[in-house]
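Next, two complexes with subunit A in common: one pairs it with subunit B, the other with subunit C.
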Partner chain A sequence: MKINILGTATTEFGELWKTSPRELARVAIQGALKDAGKRPKDIDALFVGNMLAGIFGNQANLGSLFCEELGVNVPASHVEAACASGGLALHNAINSLLAGRYNTVLVLGVEKMTDSSQDEVTAGLMAAGSDEERQAGVTFPGIYALMAQAYMSEYNVTEEELAAVSVKNHFHGSLNDKAQFRRIITVEDVMRSGKIADPLKLLDCSPISDGASAVVISTETSKNSKPVFITASEVATDTLSLHDRQSFTTLSSVVRASQAAYKKVGIKASGVDVAEIHDCFSIAEAIATEDLGFSKRGEGAKDIANGRMTIGKGKIITNPSGGLKACGHPVGATGIKQIVEITQHLRGEAGARQVRGAKIGLTHNVGGSGAIAVIHILQN
Partner chain B sequence: MITTPVKLWRRQKNVAGLIGVTGQILHWTIIRVPAKTFMNEAPYPVVIVELSNKQRMIGQLVDWEEADLKRGRKVIAVLRRSFTADSESIITYAIKFKSL
Partner chain C sequence: MKINILGTATTEFGELWKTSPRELARVAIQGALKDAGKRPKDIDALFVGNMLAGIFGNQANLGSLFCEELGVNVPASHVEAACASGGLALHNAINSLLAGRYNTVLVLGVEKMTDSSQDEVTAGLMAAGSDEERQAGVTFPGIYALMAQAYMSEYNVTEEELAAVSVKNHFHGSLNDKAQFRRIITVEDVMRSGKIADPLKLLDCSPISDGASAVVISTETSKNSKPVFITASEVATDTLSLHDRQSFTTLSSVVRASQAAYKKVGIKASGVDVAEIHDCFSIAEAIATEDLGFSKRGEGAKDIANGRMTIGKGKIITNPSGGLKACGHPVGATGIKQIVEITQHLRGEAGARQVRGAKIGLTHNVGGSGAIAVIHILQN
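On to the complex of A and B.
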């Protein structure tokens, strides 16, 4: 059975103070349905990826909420896996099609973060960590900073080389009209930005964002002249706490999920043309490129600094959307936005940031500090 | 952060046995932008420590100076006051680390 992507859409990401979560969801849902040539009555079920509505908005029961918005009464569920909520919602939606239960389903990723202050968001996101980590007063930038310390000392990598990840992603974001940040930055800008958790600085970190993205998937064939299929959807988990793991310079969940995905479609890492990577911090993309097999161990940051993953220069292009760093990171929406972005490249509709000749795309969505990884492979 | 008395009471069982245990710093960072409950404490270092029994823990480093922020630095587990959600809430205590 083939999983067809019938339609995709995303809102602009950013500090969207005028827009409610419901309005964000409406724009994404209507856009995806229109792109799919479907109406709400054609949808058999709804899957919603969201992390923080219960914590910040005191709003649970999101499946029903957004069915109300859709004007339908179909089965609906809320899927939560921290920053991988969107990716896991899609995984569950795909499984429902593979089980033969539904034919056409809608997957929505949505998050409203900028209603809360920075210290509240920092605390709220720690719900994705462990009790020990919360007790220690560590933050997610802090946890990734610990990984960066380990990575830099193990592989002799500099802060400037890590900064190159943000520089690349801001360049890509400058080409994306949905991105939160569309300005080009330099390594010096990153180095001069304020420290958040040593060695990570403000411009090593993805922002606090609002946004929604949606995708219609189906067992039906797409009418699009360049149909896109999801050929692998793999998930793996690991300990909640970073300190409980053997290594701090690899996420075993990503290695296991990506290896399973490559095996499923019969390719090697080198077969991927374009990938959306979960670059919540610069160090995260450096490690991800190695865990996914795009770079050798210890060479991910250096490869990015050398332009090997930049549009127009590299062979495997990472984060053409600008990634979490420049496009923005409304946590529950991110995993779906990645699918929207890769679909545009495989259809040849990505405009100025089009990865030419892209045929195989990958999305890498991570929850916590690697406690869950969701990998999807998309193909023409 | 939820800090009900019963949750804190459950947690206390594990604390006593760790006081005075020594170990070494594996990795460190300095939290400069903390979560709401730790707003009054920043900046503060957080370290991953490997204890003498090989158990790994994460915790704050207290009574510190720059020279303490090194891999391999010997530390001892101490009981210290941690965050308080607000003036009406329970004062929490947690295991932190001090350079030896």
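On to the complex of A and C.
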């Protein structure tokens, strides 16, 4: 059975002070339906990816809630996996099609973060970590800083090389009219930005964002002249805490999920043309580039610094949307936005940031510090 | 493909002050594995039903978290649908088997509620409702009281007849060593208990509870001498808010999901021998009895009062576990506990509360005031 992407849409990502979660969802849902040429009554079920609505807004029951924005009361599931909530919602939606239960379902990723104070957001995001990490007072910048320290030491990588990840992603973001940041930055800008958790600086970190993205998937054939299929949807987990891992410089969940995905599709990493990577911090993309097999161990940051993943220069283009860093990171939406972005490239509809000739795309969505990884492969 | 229940387990439900959520989960997981004759490494994936860990404990990423208690890092999904989180987690788990993705998965329902203050619990549970309901200051006892007022007026039902629901469920709970309340009560006890939201009194309301339940389901055949299968798993949604509904005396989500389930299995409501009902309030069971087709409209409470759903007296036995009222209602666990209970009856292992000759069982798990309903049918 083929899983067809019939339609996709995303809101602008950013600090959308005037927009409610319901309105974000509505815009994404209506956009995806329109792109799919479908009406609400054509949708058999809804899957929602969201992490923080309960913690920030005391709102649960999100399946039923967002059915109201879809406009029909269909079976609906809210799926949570911290920052991989969007990807995991899609995974469960795909299962429902493969199970033969539905023909066409809509997957919504949505997050509203800027209505809460910075302290609330910092505390809320630590829900993705463990009791021990919270009790130790560590935050996610701190956790990823530990990974960056280990990585730089183990592979003799400089802060400037890590900074190149953000430089690339801001360049890509400058080409994306949905991106939160569309300003080109330099390595010097990153190096001069305020230290958050040594060696990570402000411009090594993805922002706090609002946004929603949606995708209509179906067992029906797409009417688009360049149809796109999801050919692999793989999930792997790891310990919740970083301190329980054998290595700080690889995420085994990513290695296992991506290897399973490559095997499923029958390709090697080198077969991927374009990938959306979960770059919550610059170090995360450097390590992911290696865990996904795009670079050799220790060479991820260096390859990025050398332009090997940049639009117009590289062979495997990573984060053409601008990634979490420049496009923004409304956590529940991110995994679905990645699908929206890759679909645009495989359709040849990505405009100024089009990866030419892209035929195979990958999305890499991670929850916590690698406690869960969700990998999707999309093909024409 | 047949969905086999290989093993089930539940912790005691109650005010388990000394037990952490992780420990609750561990006990339920290990119990279900033992009952199934399986080891952790035999489990291909984990599904977790939970509503409140984020809101009460700032803990998300529950799939990965509870993999640590399972002891293996397998693909894991946290599914939330307010008080129907357990049932909906099972539904998504069943999809994953039907999709051919896994052979054997474990579904965990878990909730820890007593670590929070009463005010926190009252506010937290309103996460299952809508913004408008929260802003109006209404709580779930208030919402169900509105339904009770409408029901009593429409069908000329007395408070004493509603009270009979709790009397039956406390009698059943007295036979269940996992139940939070094992004390037999009378209609007079209910009538004398403190008014919560007119006409609902304390003993019309399910308690605040801690607990965890788990079930191992598989495409493999069970080795139990009386194997149990899940033959239908149906979900329907409705508006989040009660005020958006046409009627206060029926939950259309329950009617639609149960009709779909009966159709799937090829039975009528009268074919059901035993059912676990989502009796968050006495009125909820009265209405559910009618929505499920066990009683005629307006006769649910009267039928219960007349003993037609009581062990040893009735033809269709409802809530042999004691239901949410007497067995307890740790919200994410409830939908799985219902499966555990029905499985015991179909195996003939329910001891003093055994429903004799039970061959077809049903579970009815509801989120919010009927915003979502999840119906499962189990058969030998």
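Keep in mind that, in the parts below, the second predicted complex is superposed on the first by the 380 of 380 C-alpha atoms of A that agree within 3 Å, B and C clash if a C-alpha of one lies under 4 Å from a C-alpha of the other, contacts with A are read in each partner's own complex, and residues count from 1 in each chain.
To be clear about the criterion, a contact is a pair of C-beta atoms (placed from the backbone, for glycine too) under 8 Å apart; a residue touches a chain by one contact, two chains touch by 3 or more.
Not measured: the values here are computed from a predicted model.
Trainee: Tell me which partner touches more residues of subunit A in the superposed arrangement, subunit B or subunit C.
Mentor: C
Trainee: Of the partners subunit B and subunit C, which touch A:E132 in the superposed model: first, second, both, neither?
Mentor: After superposing on A, A:E132 lies in contact with subunit B but is clear of subunit C.
Trainee: Between subunit B (first) and subunit C (second), which does A:A150 come into contact with in this model arrangement: first, second, both, or neither?
Mentor: first
Trainee: After lining up the shared chain so the two structures overlap, which partner does A:I377 touch, if you call subunit B first and subunit C second: first, second, both or neither?
Mentor: After superposing on A, A:I377 lies clear of both subunit B and subunit C.
Trainee: Which partner does A:N61 contact after superposing on A: first (subunit B), second (subunit C), both, neither?
Mentor: A:N61 contacts subunit C only, not subunit B.
Trainee: Figure out whether A:M51 sits in contact with subunit B (first) or subunit C (second), or with both, or with neither.
Mentor: Only subunit C; A:M51 stays clear of subunit B.
Trainee: In the overlay, answer first, second, both or neither for which of subunit B and subunit C A:A123 touches.
Mentor: both
Trainee: Would you please give the residues of subunit A that touch subunit B in one complex and also touch subunit C in the other complex?
Mentor: 123, 126, 131, 134
Trainee: Where on subunit B is subunit A touching in the complex?
Mentor: Per the touch definition, subunit B meets subunit A at residues 1, 11, 26-39, 41, 44, 46, 48, 56-60, 71, 82-83, 94.
Trainee: What residues on subunit A touch subunit B, complex-wise?
Mentor: Checking each residue of subunit A against subunit B gives 117-120, 122-123, 126, 131-139, 141-142, 145-146, 149-150, 153, 194-199, 241-244, 248.
Trainee: Which bits of subunit C are touching subunit A when the two form their complex?
Mentor: Touch residues, subunit C against subunit A: 45, 51-52, 54-55, 58-65, 67-68, 73-82, 88, 91-92, 94-101, 123-124, 126-131, 134, 234-240, 253, 367-368, 371-372.
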